[in-house]
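Think of it as A, B, C, D, E and F in the order they're written, each chain with its own count starting at 1.
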Amino acid sequence: MYLPHETWPDLDEYVANESLAVVPLGSTEQHGPHLPEGTDYLIARALARAATDRTGHLCTPPVTVGVSPHHRQFHGTTWVDPPVFRDYVENLSRNLTYHGIDRIVYVNAHGGNVVHLREVGRRLRDDGTAFAVEWMWDESIPDLIDEHFERPGPHGGPKETAMIMHVARDLVREGRLDAARDGGRPEFEYGEMDVHGARVVYDAIENSDNGVFGDQTDATPAVGERLFEAATDQLVALLEWLDDQPFDALLPEPHVDPQPGSGR
Amino acid sequence: MYLPHETWPDLDEYVANESLAVVPLGSTEQHGPHLPEGTDYLIARALARAATDRTGHLCTPPVTVGVSPHHRQFHGTTWVDPPVFRDYVENLSRNLTYHGIDRIVYVNAHGGNVVHLREVGRRLRDDGTAFAVEWMWDESIPDLIDEHFERPGPHGGPKETAMIMHVARDLVREGRLDAARDGGRPEFEYGEMDVHGARVVYDAIENSDNGVFGDQTDATPAVGERLFEAATDQLVALLEWLDDQPFDALLPEPHVDPQPGSGR
Amino acid sequence: MYLPHETWPDLDEYVANESLAVVPLGSTEQHGPHLPEGTDYLIARALARAATDRTGHLCTPPVTVGVSPHHRQFHGTTWVDPPVFRDYVENLSRNLTYHGIDRIVYVNAHGGNVVHLREVGRRLRDDGTAFAVEWMWDESIPDLIDEHFERPGPHGGPKETAMIMHVARDLVREGRLDAARDGGRPEFEYGEMDVHGARVVYDAIENSDNGVFGDQTDATPAVGERLFEAATDQLVALLEWLDDQPFDALLPEPHVDPQPGSGR
Amino acid sequence: MYLPHETWPDLDEYVANESLAVVPLGSTEQHGPHLPEGTDYLIARALARAATDRTGHLCTPPVTVGVSPHHRQFHGTTWVDPPVFRDYVENLSRNLTYHGIDRIVYVNAHGGNVVHLREVGRRLRDDGTAFAVEWMWDESIPDLIDEHFERPGPHGGPKETAMIMHVARDLVREGRLDAARDGGRPEFEYGEMDVHGARVVYDAIENSDNGVFGDQTDATPAVGERLFEAATDQLVALLEWLDDQPFDALLPEPHVDPQPGSGR
Amino acid sequence: MYLPHETWPDLDEYVANESLAVVPLGSTEQHGPHLPEGTDYLIARALARAATDRTGHLCTPPVTVGVSPHHRQFHGTTWVDPPVFRDYVENLSRNLTYHGIDRIVYVNAHGGNVVHLREVGRRLRDDGTAFAVEWMWDESIPDLIDEHFERPGPHGGPKETAMIMHVARDLVREGRLDAARDGGRPEFEYGEMDVHGARVVYDAIENSDNGVFGDQTDATPAVGERLFEAATDQLVALLEWLDDQPFDALLPEPHVDPQPGSGR
Amino acid sequence: MYLPHETWPDLDEYVANESLAVVPLGSTEQHGPHLPEGTDYLIARALARAATDRTGHLCTPPVTVGVSPHHRQFHGTTWVDPPVFRDYVENLSRNLTYHGIDRIVYVNAHGGNVVHLREVGRRLRDDGTAFAVEWMWDESIPDLIDEHFERPGPHGGPKETAMIMHVARDLVREGRLDAARDGGRPEFEYGEMDVHGARVVYDAIENSDNGVFGDQTDATPAVGERLFEAATDQLVALLEWLDDQPFDALLPEPHVDPQPGSGR
């Protein structure tokens, strides 16, 4: 159920019986000369809607702006700073629990959001409010990605290109795929820029002139569809798994024995 | 230019020459049995995109969740609390100025956001960062609204119904228009529930059993189109006016004379 | 009972039996060439004391500085910014509940405080701490105001002039009433400065050279007394009404049925 | 000049030529069975007005509620918590600088405010905004106090009793002076309750059943007048001293030599 | 038990049976030409470890940086600002309670931390979380200090010099004791720099050219040992006293009678 | 130069000529039955001191408590929550810049601190205050670690065991190495517990009964020494590299061309 399209009375059954919500999150940031700035939230929204269409779970509208200061040198990158992002997602999530939600999947398509969503998840869990878990689509299908792409790259590469080809094909500037690769950094491994073990790079522009990492010339709509379906399968499986857990099983483990004060 | 659909190199000209951005904001909250929960942001996004298509200004993706605690008793209402909302919009706006933006129009379709956007606007203006102004679509065309509707109501009424009929017709449950009216509060004036001058009502549910105010049976797609076009005209005019202002003219007036310390 | 004048043992009965407190709030800001900067808190304090003298409720000392950045260009305007004001009033209010207070009337005489007091009221109510309600004196007697003044104006006009004539006559510079009107903006309606539906004005000085709105030459002490008595009557009635409410009736309505999770 | 009684045009000369403001601060808290809860702010306001009447400096209205959680067990004690108090005073002070104020005297009559006002003073000074200094009336005339009172006590004792006898005599319940002493703690020295060097007492009630410390039976209006005049003299001298300082002399000393980076 | 040296299983008994923790706190700040910048935390740690070695209580590692902006003009002084310091200590303390700790002694050797630790102590106590108390070593043995030193001084003087001679002798530059005294302010009393009762001095450098107060030429390792042992005795006694208190005896007193609402 | 052991005049040359500071950070948290809770900060401090002894750079005392909520179920784990940790380190770092420091290396030995130190580094860099970089010792010598250990594990494993054997041998409970391995999780790879791509594990206890990961029976003091020396070499090289950079080279890249507003 896509919440923005539902009316409130139509949620009667859901509120009475269900406790899971899906929140898509992405970013609005440069994705090279060939991909639109909304790439991440477009992917997240499409996956979240596809999976919840199959499971019947509630899906909120997307959080369209995320933690993207590392792309800010490129025109149009829009972002909120980490403390603001965390508080926004936390607050939104806490308020969802008013309707009986006690577990949330953050369907995320922006790497810069990951650690912050994990932190929010801990906040919600440690005080017993809800179990929230971050899910990054490409981490659910690593083998498939390796199978299709020689140089996947972490940003603006063939993974995202193929996905947008599938979910919003007219937003891909297909004539610029070669330029995207050649003006960027086709080969890239995290850590290769480290200095004696320290990550001294903060911004994408330090590593790539056009903001692109990877070689997107391998991307096709068909591959995009395959990735999309595979990731959706994974997300559906996650939602079903999470739905099946008793809430207590999702809460933190207790303190190890002996319990504090037990001997007093 | 709809930012999420643009690539960063395509913004070259804009960044070099322009200084105005449009940010649509709405809410995800109950809108009665006949309208979808996303009503407000769907309207805001549609208006913002239509106007910026005409003027060529930059339009960000919408902020889809707003300040809606007063609708929370109804299933699915999602909200962030005011301090979080203000900090989120402020931070997003400040970061936009990195790209040379110094004036922003908040295209708003949710009454609960108004005072908070005004407060954010003051923060940005008083320290000279940017001039940001809240624009609420229905306040730009009061006469037209009065002409078409006998009982417009402030929430879930014929104004919003007609607008959604125009921008997302399949999301209106047209068979429930009578029920929406009869189960809600067709006649409503702010202040009528006040007790000796004090507004003692905090939540919509205190005034309306189904969350609806106004009589939406007057709404038609044709009226919606007329409202939409008229409001878009107003917004276009506002964008053009704002674009024409020198930045200094948008900043606060100086202290009155004599200037502080001028005699020392 | 005016708290700053009471000793603690004399509050024995009150603490044991009562649960209502009155907090007067105003501002210290320009009120034109004819009225003192403390106008708002002087009015609020006078009304709060008069009403609580009649009902026997507890009245705290006034909050003398409020949210007045929109008057800051004029000498002497003193203010706190909205987040600080809200936190101050909220914290003060929460601490009052330590003594058994569970309902508060903010007797307010400054328009700039209204939305912030409403926000604080929601915070206190939504977590079940207390029911706090903002009461703005002139909104309790709109007909009487219309009856006496042709051009009442929102700030520094005949309403406030007449009130100060009644409560602190020697603080009105009566010889400047004409100048106050002529150097200011005798006729004013909210919205008249809007640009295509957007309120683009942030500060009083943009609309009025001397900070005055309305025509105060209609003000007299006798009219002031009449307004004062009428507003006091309204406030007394509000206090009695609020005192009569069971606390549960003041708390938020529950979630609509079905209750969240009720079907699980 | 008492700001709440002044009109803005009458501050022309002051704003042009002067840079000092006086802010009275106190509390609303129990002061035993014989003194009113507003004792502290009534004293602070009276001293601040008397001194500024003599020097011609600007005096704001009082901050009537301070940091008094240590008196909260007694009926009516009203307080704000330290972070809120500090932020309120800091914000109010920063905003005063808009009018050219760069030095502030906090005329304080509540011990619980002292460390917080010092902290605010540092904030304002360390970033070069203003030089603000806390002044506690009884610390300016220690010899005179010792001369008049055998057991002065830190709270509700003869110092405050005499002062209120002078500034608001009808608010002293003179028939309860013996009871105030006998039901409280006539003899008291800070530190006497310490446990092996640790101050383990947090609240006044732990030391005094009625909240009183000292023996107020020595207080008379004549003594009160003498204290008041002497303290006013001290405050006048402080204002004159402060007024005479060049602003640079009030700012922090620079880093010691060699200056950071001077050798690079 | 020195927590950083213990393994978790070795704390079994402690967690089951005990509820007291000791947290040493100091600073890293100039202590004149003869003492190391870590003086305060080295003293605090040594005392805390010595006392807990005797009582068997748990001792955390030291907080090595404190509130020292007043020494910042001297090379190397490192500090955190008061709000950050308070939040850090409060948070650390709250988290300790997860292991059953409900009473904490802050073993402190830096005067600049005192009021902040008291504020944190109140926060923890007023909401019933824990009873935390600040203990400053030299305030536990005032007579002994007076016996040994003619001019003890508050900072960098003979007290600290003797202590460091005892706990880390090679860190004292003994050849500079005369210079330390002569380049600083051997005689000093709080208040002597006050102007008409106002403390107008914010930084140590305003009073002492080399940051030293007092005459350290009386310091010897033997005196240091005596101070150290005496202070340790006091701390041991405090820990034993605190350990013996029932938790309820450490919580705030209730509101005085009549209880709020008791008559309703 | 180890700051806590230095006197301020001895820093004259450093302050005049140098701009780099080293801040060691670790944690106080369970490290299995064989290692002390202070393991991380003991390692960080030892490495930081060894490297700065060689380079002559300034080293502050360690931050001994870090972000360790994921180990809290085990006795004695002490932690601060992420927002508090970040603000503490940021504030401490900003204040260091008062002495001319414009580059900082966070010598870190706790994985839970990494993302937070990166976030702090960005805050400091993006506003031009300083360039701060996180350095995690084991990430500087991955090959050496692989060479020595078959099952290195991320926490409490042979890496940390060998290091503590080298820097504080008596704190290793060598008789418990087998038990540490067998009661924990000798084999562990990040991601192996993921559910359909989502990391659903928040706390160490969910993966390891005794909090240990890896097989520490390969650890010896000799290996520890080798790791320590190798990591120190890396750190020395990093400090030298960083010291050599012009400050401008460490600041963020500018916005890509065309510059915002360049065409206006």
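The rule is simple: a residue touches a chain if its C-beta (ideal position, glycine included) is under 8 Å from a C-beta of that chain, and two chains touch if they have at least 3 such contacts.
These numbers come from a predicted model, not from an experiment.
Asks: What shortest step count links subunit B and subunit D in the network of chain contacts?
Replies: The least step count works out to 1.
Asks: Find out how few touching-chain steps suffice to connect subunit C with subunit F.
Replies: The fewest touching-chain steps linking subunit C to subunit F number 2.
Asks: Examine where the copies subunit A and subunit C touch and state whether the two sides share over half of their residue numbers (same) or under half (different).
Replies: Different; most numbers are used by only one of subunit A and subunit C.
Asks: Can you spot which option in A-C, C-D or A-F is basically B-D again, with over half of the contact pairs the same by residue number?
Replies: Overlap exceeds half of the contact pairs only for A-C.
Asks: Hey, how far is the Cα centre of subunit C from the one of subunit E, in Å?
Replies: Computed value for the inter-centroid distance: 47 Å.
Asks: Could you please state the distance in Å, as a whole number, between where the Cα atoms of subunit A are centred and where those of subunit B are centred?
Replies: Averaging C-alpha atoms per chain gives centres 28 Å apart.
Asks: Which positions in subunit F touch two or more other chains at once?
Replies: Within subunit F, residues 12, 15, 69, 72, 74-75, 98-99, 255 contact more than one other chain.
Asks: In graph terms, nodes being chains and edges touches, is this line, ring, star, complete or other?
Replies: Here the contact pattern is something else, fitting no line, ring, star or complete shape.
Asks: Throw together a list of every chain pair that touches.
Replies: A-B, A-C, A-E, A-F, B-C, B-D, B-F, C-D, C-E, D-E, D-F, E-F
Asks: Sort out for me which residues of subunit E touch subunit A in the complex.
Replies: The contact residues of subunit E facing subunit A are 12-13, 15-17, 19, 98-100.
Asks: Which positions of subunit A touch subunit F when the two form their complex?
Replies: My answer: residues 69, 72-75, 82-83, 105, 115, 118-119, 121-122, 125-126, 133-137, 139-141, 194-200, 202-203, 205-206, 231, 234-235, 237-238, 241-242, 252-256.
Asks: Which residues of subunit C touch subunit A once you look at their complex with the stated criterion?
Replies: 255, 258-264
Asks: Under the definition above, what is the set of subunit A residues touching subunit B in their complex?
Replies: So the residues of subunit A in touch with subunit B come to 3-9, 11-12, 14-15, 28, 30-38, 41-42, 58, 60-65, 69, 72, 74-81, 84, 87-88, 91-92, 95-96, 98-99, 171, 173, 176, 210-211.
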